[in-house]
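Since the structure comes first, as structure tokens, the remarks are kept for the end.
A, B, C, D and E are the chain letters, set down in written order, and residue numbers restart from 1 in every chain.
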Amino acid sequence: MMKALRLPGRALGGFDHGVHPPHHKERTEDLPIQRLPFGSRFVMPLGQHIGAPSVPVVKAGDAVRRGQLIAGPGGFVSVALHSPVTGKVLDVGPHRYSDGTFREAIAIEADPYDSQEFEGAPIDWESLSLEAFIGEVQKAGIVGMGGAAFPCHVKYSLPEGTRIRCLLINGAECEPYLTTDHRLMVERPEALLHGAEIVRSKLGAEEIVIGVEKNKPDAIEMLQRSIGPGQPVRVVPLEVKYPQGAEKMLIKSIFGVEVPAGKLPRDVQIAVNNVGTIVAIADYFQKGMPLIERVVTVSGPGVAYPANLLAPLGTPIRDLLRFAGGLKEETRQVVMGGPMMGASIADLDAPILKGSSGILALTANETGRPEERPCIRCGRCVEACPYFLNPARFARLARARLYEEMAEKYNVMDCVECGCCTYSCPSGIPIVQHIRTAKDYLRSMTRKEK
Amino acid sequence: MTQKDPKLLIQPGPQLRQEMTTPVVMRDVWYALTPATLAGIWFFGLGAFLVLLASIAGAVLVEWFFSPQEKRRYFLGDGSAILTGWLLGLTLPPALPMWMAFIGGAVAIGLGKTIWGGLGGNLFNPALVGRAFLLATFPIAMTTWTAPGDFFSIPSSVFALPLMQGEVDALTQASPLGLMKFAHKETGFFDLLFGNTSGSLGETSGLLLILGGVYLWWRRDLDWRIPVGILAAAMVFSSILFLIDPDKYPGPIFSALSGGMLLGAIYMATDPVTSPLTPKGTWIFAIGIGLLVILIRVFGGFPEGMMYAILLMNAVTPLIDRYTQPRVFGRGLDSK
Amino acid sequence: MAKSQQQAYDEFIKGVWRENPVFVQVLGMCPMLAVTNSAINGIAMGLATFFVLVCSSFFVSLLKSFIPKQVRISCFIIIIATFVTVVDYTLLALVPKVHKELGAFIPLIVANCLILGRQEAFASKNTIPMAMLDAVGMASGFLLALVSLGGIREILGEGKLLGFSLFGPNFEPWVIMILPPGGFITLGLMLLFFNWVEERKKKLDAQLAAAEGGAD
Amino acid sequence: MGDLGWIFISALLINNFVLAYFLGLCPFLGVSGKLETSFRLGMATVFVMVITALCAWILNTYVLIYAPYLRLISFIVVIASVVQFIEMVIKKLSPALFRSLGIFLPLITTNCAILGLAIFATNKGYGLWEGLVYALGAGLGFTLAIVLMAGLREETELSEVPVLVKGIAFNLIISGILSMAFMGFAGLFSSS
Amino acid sequence: MSDQEQQAPAGGAEEPSPNRLVGTLAVAGLISGVIIIAVYLATFNTIKENKARELREAVFRVLPGVAHMQKLLLKDGKLVVSHVEEKDEEPIYAGYDKEGNFIGYAIPSAGPGFQDTISVLYGYRPKERLVVGMWILDSRETPGLGDKIYKDAAFVANFDRLEVDPKIVAVKKGTKSKPNEIDAITGATISSKAVVRIINEGNERWLSKLPEPGSEPAFEKVEEKKGEKGKEGQEHPPGANDEGL
């Protein structure tokens, strides 16, 4: 059914539409990754990935070691959780989440006298079958680290008749401010390439393509230098444009192929993984270390000393900010993730999660919104939408509560909420917000029908 | 720090916004219009300035009067009412009685915008609704063109009492389009380019209008497809006619530079509210205007058709928008 | 007796004001707009319609028991068309100038939904006096609307009312008022005005009711 | 421009039945809420108008020269019956066509645009072909106006039109502006 | 919309027989026919007189000095006097002075104007080949602008003693210099030109068919007042659409 995949070595001219927000990466792009000192209290929410929540296997008072399993996967689309520290389980119960809601989580108190060294052994990946490999990835708790936190092993479980010809590694990191993937590519290219090789060989792909935006020349150079002889890896420099890192856009940019609506990259014989994810896989198979820590960019004009921090999962956001010099007084908003798709943080004591790629402290300068004015149908959103949807129409229809029409005539469900429309709107209309409302409503309606 | 967390804002993403806002866009258009406006006032004298002011006053007052209390604070803020009055003023004859200009401005906002629910709701270009109303209401005053003259002499017709006729004492002179239509006389290229001809007070100086357009394009406030499409379609159509009979029909350069063509193509048709949203639709819209203008100018009853062409295509815009939705990413690929 | 007088008055006044065929029921738009470019035309058209409506109502009410339900619409139309033809010829004979002004819109009275509507909704179900009152009321309301619209259009469009100059010779006529767009826009604005009056009245009533409720 | 061509253009654009003659206002204001419906109503009107022109010509040529006073009544009765008859025929022969156009037919027959067409064509002294072209132009003109109107109205459904304005008043004012825009066609092809 | 749509047939009552239905309609038709015919007959003469008077006034206006007129039709290439109304014939009118001497023709012509068809009647004197008067029978030109073609006395006066050779031409107001030129109305150039074009078209159609000057059909003494005999019917002044729009 699908056209044979072409595997060019350079970008085919990018995707259409999209926006060019100022990238602000200069604050942290040259700062090496630093390890954040261990704090005292860690909270691991059970549902920090997409899919079913994990099922706890420890209870209050249990002693846990760093990297020890504390919750098993709650189904196929679910992953395991591991303790980020050596210490004692305080309780298993509701804890504040970064958006202010309470969710089930395991709270752990770190043992202040432990060295917190991780002890583990490499895993012999070469002898594993694909199924076993997938099981290992699930066991390691690895999810997409770009922000969506989709369980990684699900991507590798291919339906009958599907095959992957290319492993595409997403190093675009198109969100402003964030530099975690960038630093990983510069500092740990071997780990990245090794992890990529593991996945490639297990999936039976022919080639590894790493797409990196052109504003990271050092990363491109470092990767190119590190490619071993005969390794089937290509590094493709990409135009700097948001949302270059959305996987369908990335595929379009590199291969010139559109993933059909409602289909996945595997339907065009491509598997896409984030740089951080691949490095986590490498860490697991090389050192036996499951996903218990990640690199987080702490940046924004609201912090004095922006940094790229390697932080244990479950660390309170406050600890990261404190390490970066604390919040300045003019801070108005703290965002988890990138400024385009990230969400506001309501509680600084909430933990960082597997999907937290950045903590950004923003001042009035960035958070100020233009006063909301009537839509003047200027069409900027239409020309920004990478999915060629009609956001202006969505906003009008949503205001009139014509949600069904949005889905039937204008394909609102195809929207990935990248935020380009709201970003580009001169009238300050929260278009994405309207779209989210509509999508929520439509989803609840379909659920009801079922 | 633990004690004094700043009060944190919770707002949905995206957190970043580009800098362009509606008032900035409106103000950009002001800047772009300024040179051509000054040129118009220079050519036609202070009277033209008064006409312009009257039209803006009509627009702004009605906007203010009909906006709900809580919105009144930005009656000047988003600048759209001033812009409407201004654009309308630029399309008026320089010796029009002020009271007519005032009514034009009032109708432009009242019928062209307010009843549609204000900015963004109107489907016809408000300034042109005002002008169409004036042209249908005061056909003689609206087609009495004066020749460029002394800067300080103000035609007495400008001060005509409300509801009364204005006696035009200035030197009247047919506009280049009128000369073309009724006497088959073509006006010189440089006169058209620099605006030293009779005509509406802001439409004569082709060069400055184009400069303003380039500024808007550079500021990305302007959908370049619209002026390009209009001018291209109009010029191609008139070239064809010109090739058929050069004595009877005007040439493409004349068509592009004369009358309200540039003012309309760059500032009126591009009004985002009343032009299609989709790129493909925009082309259809622009080409439609270009063809209609020449059709009306050459075969119709009026020497100038820009206003009607734009209004007619405004009326078609909802249909265009409906049938030119772009192909959604990843859809309609393999219908096999 | 007083009660029946009150009822009669009600039947009459509802057509003039409360259920005004043009401003409230929005019926009979075509003649309403087409011929009202001056007050005199409005009066002529209004009177022609008046005649047709009253005569038709009379006959329909008179004959209502003879007309079987199945063919009633056809009968109504025949009755109406008869009187329209009568009006047509009478005007042509007596006032050819007016007839020329109104032109083809006199025969089109047949298609005026107002007339057929009244037969169907009222005359065919009520006694002759009531039907007459209703017809006179409705026709007066229609006449009133035509005259007011025609008057406004004439005043602005020509500076005259019923041919008398109001503003002197220097008046600048608002030509659009005599043209079709002027008809649409003027009637639109008049309806808008009526809406506004209604709205205000409702608000006042509500305030009054609230005040009274508070007093109790 | 030939005579027939000018008759067509004139009925379609310059002297549009709705926007210049105020004919057919009931459906124009009442049925123009939805684009789809409007278009089908327009097509049905074209159909009825062409039949009307034919009937009117036959009546004028063969009947009414002997009895001019029956003009009005015979137009009404004959046109209504013929349309009803055709409606039944369509229902039998093509249910699909009936579903898309048929429901409008009775509505259209009572519409003043139809009677107006017959009377105008008679007054202008049009022959058979002129009458048919006139009907086609008038019908398409009606369709054009109602479709544009429906497009505009559907769009305004989504904007915040003041409550006070909504409804017939607003539709009339939109028609007024549309009518103003159509004035641009005045004099089209009449100047040499 | 219209009320009749809402009405559902009231059930309950027993079905009247078809005969009764047809009968009712027939009776209604009969009564209506009687009324109509009565009114028609009552108004017939007045209407006819009105029409005749209107036409006569128009003819007298475009042909100064005329006291009598008669209708001429073209039959087999010859102009013959006609007293009956015939369909599909385009008549012209001949005007005579009190003594019955031929003065000129009044020719109707029509064509598209700015808004709609303009119907013109103009007087023509074949001897001098001059247009001597113009009258607009019917037009829908813009009030205040195009309607000056009949409201503006100066414009109408243009058509007095206007040469038809080679062709009448409308020029910009104030620049009339030749005997075949007229001053157009400022701001209503299209309407002015339309009138000129319509007259030129009338000339093209008729001038070649007119008999040699001197051999015009003589005036036949017929009672003009009491109406031409022939079929009963509304007399349409040709070109003048009585239901003027």
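The definition used in the following text is that a residue touches a chain if its C-beta (ideal position, glycine included) is under 8 Å from a C-beta of that chain, and two chains touch if they have at least 3 such contacts.
Small disclaimer: the values here were computed from a predicted structure and weren't measured.
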Touching subunit D and also subunit E, the following chains: B, C
Chains in simultaneous contact with subunit B and subunit C: D, E
Chain of greatest Cα-centre distance to subunit B: A
Innermost chain by mean C-alpha position: B
Chain at maximum distance from subunit C, centres defined as averaged CA atoms: A
Separation of subunit A from subunit B, taking each centre as the mean of its C-alpha atoms, in whole Å: 48
Subunit A and subunit D: spacing of chain centres that average the CA atoms, whole Å: 61
Computed distance of Cα centres, subunit D from subunit B, in Å: 33
Mean-CA-position distance for subunit C and subunit A (Å): 70
Per-residue overlap in subunit E, given as positions that touch at least 2 other chains: 1-2, 4, 32, 36, 39-40, 114, 142, 144-145, 190, 242-243, 245
Residues of subunit D touching at least two other chains: 26, 69, 73, 110, 119-120, 123, 159-160, 165, 170, 173, 176-177, 180, 183, 186-187, 189-191
Touching two or more other chains - residues of subunit A: 374
Chain-chain contacts as defined at top: A-B, A-D, B-C, B-D, B-E, C-D, C-E, D-E
Touching residues (chain side subunit C, partner subunit E) in the complex: 27, 66-71, 73-75, 78-79, 81-82, 85-86, 89-90, 92-94, 96, 100-101, 103-104, 113, 116-118, 120-121, 157-158, 173, 175, 178-179
Complex contacts: residues of subunit D adjacent to subunit C: 19-26, 29, 69, 71-73, 76-77, 110-112, 115-116, 119-120, 123, 164-165, 167-173, 175-177, 179-180, 183
In the complex, subunit E residues that touch subunit D: 1-2, 4-5, 32-33, 36-37, 39-40, 87, 111-117, 142, 190, 193-194, 197, 231, 233-234, 236, 241-243, 245
Partner subunit B, residues of subunit C touching it in the complex: 159, 167, 170-172, 174-177, 179, 181-182, 185, 192
Touching residues (chain side subunit B, partner subunit E) in the complex: 139-140, 143-144, 181-183, 301
